[in-house]
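Multiple structures are listed underneath, in structure tokens.
Across the two complexes that follow, chain A remains constant while its partner is chain B and subsequently chain C.
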Partner chain A sequence: MNRALPLLAAPVAFFVAFFAVPMIVVVSSSLMAGGVPSLGNYARVLLDQYHWDVLAATFRIAGLTTAACALLGYPLAYYLVRVVKSRALRRTCVILLVLPLFTSNIVRSFGWMVLLGRNGLVNDALVGAGILDRPMRFLGTELGIVIGLVYILLPFIVLAVGNALAAVDPALEDASSDLGATPFDTFRTVTFPLCLPGLMSGIVMVFTLAVSAYVTPALLSGGKITVFPMLIFQQYSTVFDVNYGGALSMTLLVMTLVLVGLAGWIGNAGADAKGRAAR
Partner chain B sequence: MTHPRAANRNATRFAALSAVLAAGVSFFALPAAAQSEIRVAWYGGNWGDAFRTCVAEPFTKATGVRVVPEIGTSTVTLAKLQQQKDAPTLDVAYMDGGISELAQAAGVLDAIDPAGVPNLSKAQPEAVYKADGSIFAVGSGYYSLGLTYNTKEVKTPPTSWNDLWKPEFEEAVTIPSPANSSGVPFVMFLNRMWGNPPGDLSKTFAKLKTLKTALYFDSSGAASNAYQSGEALIGAHFNVGAWDLADKGLPIGFTVPKEGVWATDARLHLVKNAPHKADAQRFIDTALTPQASACLAEKLYLGPAVQGVSVSPEVERKLPWGVGGSVKNLQLFNWADINRDRAAITDAWNRELARQ
Partner chain C sequence: MIARLLLRVVSWSVMAYLILPLLVIVGSSFTATSYLAFPPQGLTLDWYGRMLADTSYLAAFGTSTLLALVATAAALLLGVPAALAIARCEFPGKRFLLSLLMSPLVLPHVVLGAALLQYCAALGLMRSFTALLVGHIVIVMPFVLRSVLPQLTPEQRALEEASADLGARPMETFFLVTLPQIRSGLASGAIFAFISSWINVELSIFNTTAEMTTIPVKLFNYVQYTIDPVIAAVSSITIGVAALAIVILDLTVGLHLLSDRR
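And now, the complex of A and B:
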């Protein structure tokens, strides 16, 4: 037991230096106004309808992104783990999936600006195929931001679900079909519930990353939509009000934790009720 | 007992190793002993390249002092200076107007002494910045935010900022957002241009609200990208960025409209308690030579802050004040006023414009 302590020291030191200390700095600066301790910054944030509107837009965009990632990512993970038989092909697919993560967000978001522009590839294709009469506006809309975020965050959910799917014991599914369940019933009652924890962790990851995303919304919003991280960045980088900026940061952090906790609680409650019903 | 040949081999190996070690030690030790250096903070990309070619290389050639660049935006440089306030490693810092005043207020700058920097007398009077009687910054070149347009799509070149409101440019205009260093001053510039009272921006925001934009850009790169892709056909852009696009063969024009342009500058600062003060002063002196200034004008189209600089006509028309202009034509706002109103203007912008 004691021998584990030195091993623990490195991660603890890392955690303290790069998480705890910066966090304490942000919290303490948020509690100062004009050089004296005060809750004024929080009052300024919370008593203003504007901030609630921005918070709602931020959570709406993150929610839509998460839903789209789950709907696209789950079948993709299923395909990679269950349908692709060749090992080499599966590996290639996973590499293709992860490869964009090695490029900077800024470059990829600039790429989407070009693709989604009025004269961009997406509009050219839609107009050329006769789906649209004239170019549609993507930049500066919530749809544009969601498209950019889904592209960047999709790998996280595919990897989380893929790992969970790969861990499902095929014997359980075999048993289910031996007992007469249709493939769909087997999926619904055996496979899906077993990889639900993987899906949930993917969803939490994507949602928190989408809530805190700055670069993609800043570029794809064209400055016409504001999400909470943009307000925080403004205060730290151009207005230099770290006290108000700190209060904005803590507000976003707490609201996100509350929302994620609430989702987890509802999920657990639902699972418990289902478990009781099954018994 | 060790075989004689083996012992011999070991000895050779040891000799080789110590020779390598010795070489290594002297390799690391030599430059510090024989050659001194200064650390200069400047920007990335083509700006940093230009500062190296136009100022650092001539300086090293003349003095033998190596220049070690520290690359970062003005804001990052200010943060570094504040961090190392007690024991600075930087000697000279380039920072933009606006951040320069904040650095002065933060007490991280030393006074630039005309006795140590003789070329200071050649600088434009507007480019020498003083606080409490001493010089805290000197301009290294001006750049402006002018009217930029797509020469293929915009047939008659615009002559006024009000042209942005023309119906044919609906949804194809771009102007800076407050996240850009020019965003807040541009609002104040428009406010003055329309003759609205300095303290009341409500009319200006009401008018801005009627401008049908494609996007508000937060970085110079985003603006360049928008003009390049055709997302924006007309709007504001820096002369440095706009001419860079035009030089690459894109159909982009830049013009100084009749109401003038808002402009600012990149400035040189001597760091307080700089470890190599004498060399740092010589560096600033080199930057204030007409040669260095002309070189920056040619590479970045920075308007010279030094008197008596001559450049080719091709370069001259791309300078921040346009054809036949001079520093007198630039609207240089007092950054103290801008910094004072920054939080309020950013907030008003967020509420009025940055939401659908």
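And now, the complex of A and C:
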């Protein structure tokens, strides 16, 4: 039975050598200052109000992005899976959803740099429609970064929710409406709870990717807004302070994992409560 | 009824939002103006000509392609045996090992890139192709595992045992029975792996140099200083590669996303 076990040797050796050890090196560097073990780097990160402001901006942007992705992605997923009847149309839409995912963040953010510029299509349209008197500044604002990040991460939520929805047996929804539930009640008590795990996994994925995004904020911030991954990049690429940079890396990693864990815990608690209510 | 209409409006607006930026890039790459204009004014292929005349773009395309191909091949060679062992064997710490192998999916790439820069510098490999490659193998291997593991089912196992009972050697069984059975998982895993490597910026940026750079990193460094239609042309090529990958994916394994497979 365990004859296949030696097959693990090469992949595990590779992951230890080029993933585990490098990460351990970062952790141990973060705990060294001036050649001696110290928590000084972490003190420098955590006792500086500036870092908390950057962290707050990072998590605020990621939170808004995640909320917008869920609010926009859920209806689209529902529409594609439950409303669109034509297989060809659905297939075309799926291809159009995956195409951005297969394109680099840089290319997609670049598209928004053009669209959101002072004389870009978005401002032209808003001014032309009389919604704005004069062009609005998007680049260099948190709103601009959120627009770009939502665009980049939206397909993840649509696919996660859509796949969960596709797995829900329509017979359950039919049964609910046969028993006299209104379409809204059926959605609220049958469909939504059944694809909640898909929504939660999509939300967690989008949130972690939004927190760790570097390229999109770098391009759309116009140097005016700093998010946490930029601080890490600066330390490693220009300052080359691996001790302080390591502490920044670990701070981002731990904060992200804590929030993801929290989201998973809330999701589970919610599912348990629902399960008890059903019984 | 109103809810239906609202759903339709929201859905089509979101689809438009997803397509617009790519359309703008491809459209403005054909503009005859010297600045980016959308809708394009005039129609020219000059910017593609300029891109081809600049050998640094071709070199970056070459590096990106080679990197993505080698990383995908290595991820298959490491990932398939790992998936077989994980599917077939019970051992302590199996869940931990699997989460370790999958963790590059959620780990911030900036953190991993920084770690590899520091580590490879210590090994004397700083900013080399090898340093880029090992990082890319680490981040693309989860895609291979994710698409191959679900195919290694007990039913699949039964056919392998039949093959062995009928006297096939282990290697014969692997190549004649197992590989054809997991073919679609291999194809989709390989395509996702290739594309994730091909589009990566956040990991690559730490280990590239002015001479040896990948196309997304080159675009990233360029876009921060100037925006011109050449950039749109280069971007359009990468969008074309993405479209090609999707067509291949659809033709070989079929894009079953969002549809009921029962």
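We adopt the following convention: the second predicted complex is superposed on the first by the 249 of 279 C-alpha atoms of A that agree within 3 Å, B and C clash if a C-alpha of one lies under 4 Å from a C-alpha of the other, contacts with A are read in each partner's own complex, and residues count from 1 in each chain.
Here is the rule we use: contacts are C-beta pairs under 8 Å (C-beta built on N, C-alpha and C of every residue); 3 or more make two chains touch, one makes a residue touch a chain.
None of the values given here were measured: they were computed from a predicted structure.
Colleague: After aligning the two structures on chain A, examine chain B and chain C and state clash or fit.
Modeller: After superposition on chain A, chain B vs chain C: clash.
Colleague: Check whether A:P100 is in contact with chain B, with chain C, with both or with neither, and answer first, second, both or neither.
Modeller: Only chain C; A:P100 stays clear of chain B.
Colleague: Which of the two partners, first being chain B and second being chain C, lies in contact with A:M32: first, second, both, or neither?
Modeller: In the superposition, A:M32 contacts neither chain B nor chain C.
Colleague: Examine A:L126 and indicate which partner it touches, taking first as chain B and second as chain C; both and neither are also allowed.
Modeller: Touch partners of A:L126: none, neither chain B nor chain C.
Colleague: Would you mind checking which one, chain B or chain C, touches more residues on chain A?
Modeller: C
Colleague: A:A10 contacts which: chain B (first), chain C (second), both, neither?
Modeller: So A:A10 only meets chain C here.
Colleague: First (chain B), second (chain C), both or neither: which does A:L196 touch?
Modeller: Neither partner.
Colleague: Which of the two partners, first being chain B and second being chain C, lies in contact with A:L253: first, second, both, or neither?
Modeller: Only chain C is touched by A:L253; chain B is not.
Colleague: One more residue to check, A:Y78. First (chain B), second (chain C), both or neither?
Modeller: In the superposition, A:Y78 touches chain C alone.
Colleague: Considering only touches as defined above, state whether A:V114 meets chain B (first), chain C (second), both or neither.
Modeller: In the superposition, A:V114 contacts both chain B and chain C.
Colleague: Just chain B (first), just chain C (second), both, or neither: which does A:F233 touch?
Modeller: A:F233 contacts both chain B and chain C.
Colleague: If both complexes are laid over each other on chain A, which piece of chain B (20-28, 38-46, 290-298 or 308-316) hits chain C?
Modeller: In the superposed model, chain B runs into chain C at 38-46.
Colleague: Take the contacts of chain A with chain B and those with chain C, and give the residues found in both.
Modeller: Shared contact residues on chain A (touching chain B in one complex, chain C in the other): 110, 113-114, 218-219, 233, 237.
Colleague: How about chain A: which of its residues touch chain C in the complex?
Modeller: The touching residues are 1-2, 4-8, 10-12, 14-15, 17-23, 25-26, 29, 72-73, 75-81, 83, 87, 90-91, 93-100, 102-108, 110-115, 121, 151, 154-155, 159, 162-163, 165-167, 183-184, 205, 208, 211-215, 218-219, 229, 232-233, 235-237, 242, 245-246, 249, 252-253, 256, 260.
Colleague: In their complex, what parts of chain A are in touch with chain B?
Modeller: 50, 53-54, 57, 110, 113-114, 117-120, 137, 139-141, 218-219, 222-226, 230-231, 233-234, 237-241
Colleague: Per the contact definition, I'd like the list of chain B residues that touch chain A in the complex.
Modeller: 75, 102, 171, 177-179, 181, 183-184, 213-218, 221-222, 225-226, 229-231, 342-343, 346, 350-351, 353-356
Colleague: Please name which positions on chain C make contact with chain A in the complex.
Modeller: Those residues of chain C that touch chain A are 3-4, 7-8, 10-11, 14-15, 17-22, 24-25, 28, 36, 38, 77-79, 81-82, 84-86, 88-91, 97, 100-101, 104, 106-119, 122, 134-135, 137-138, 141, 195, 198-202, 205-206, 215-216, 219-220, 223-224, 227, 231, 235, 238-239, 242-243, 245-246, 250, 255, 257-260.
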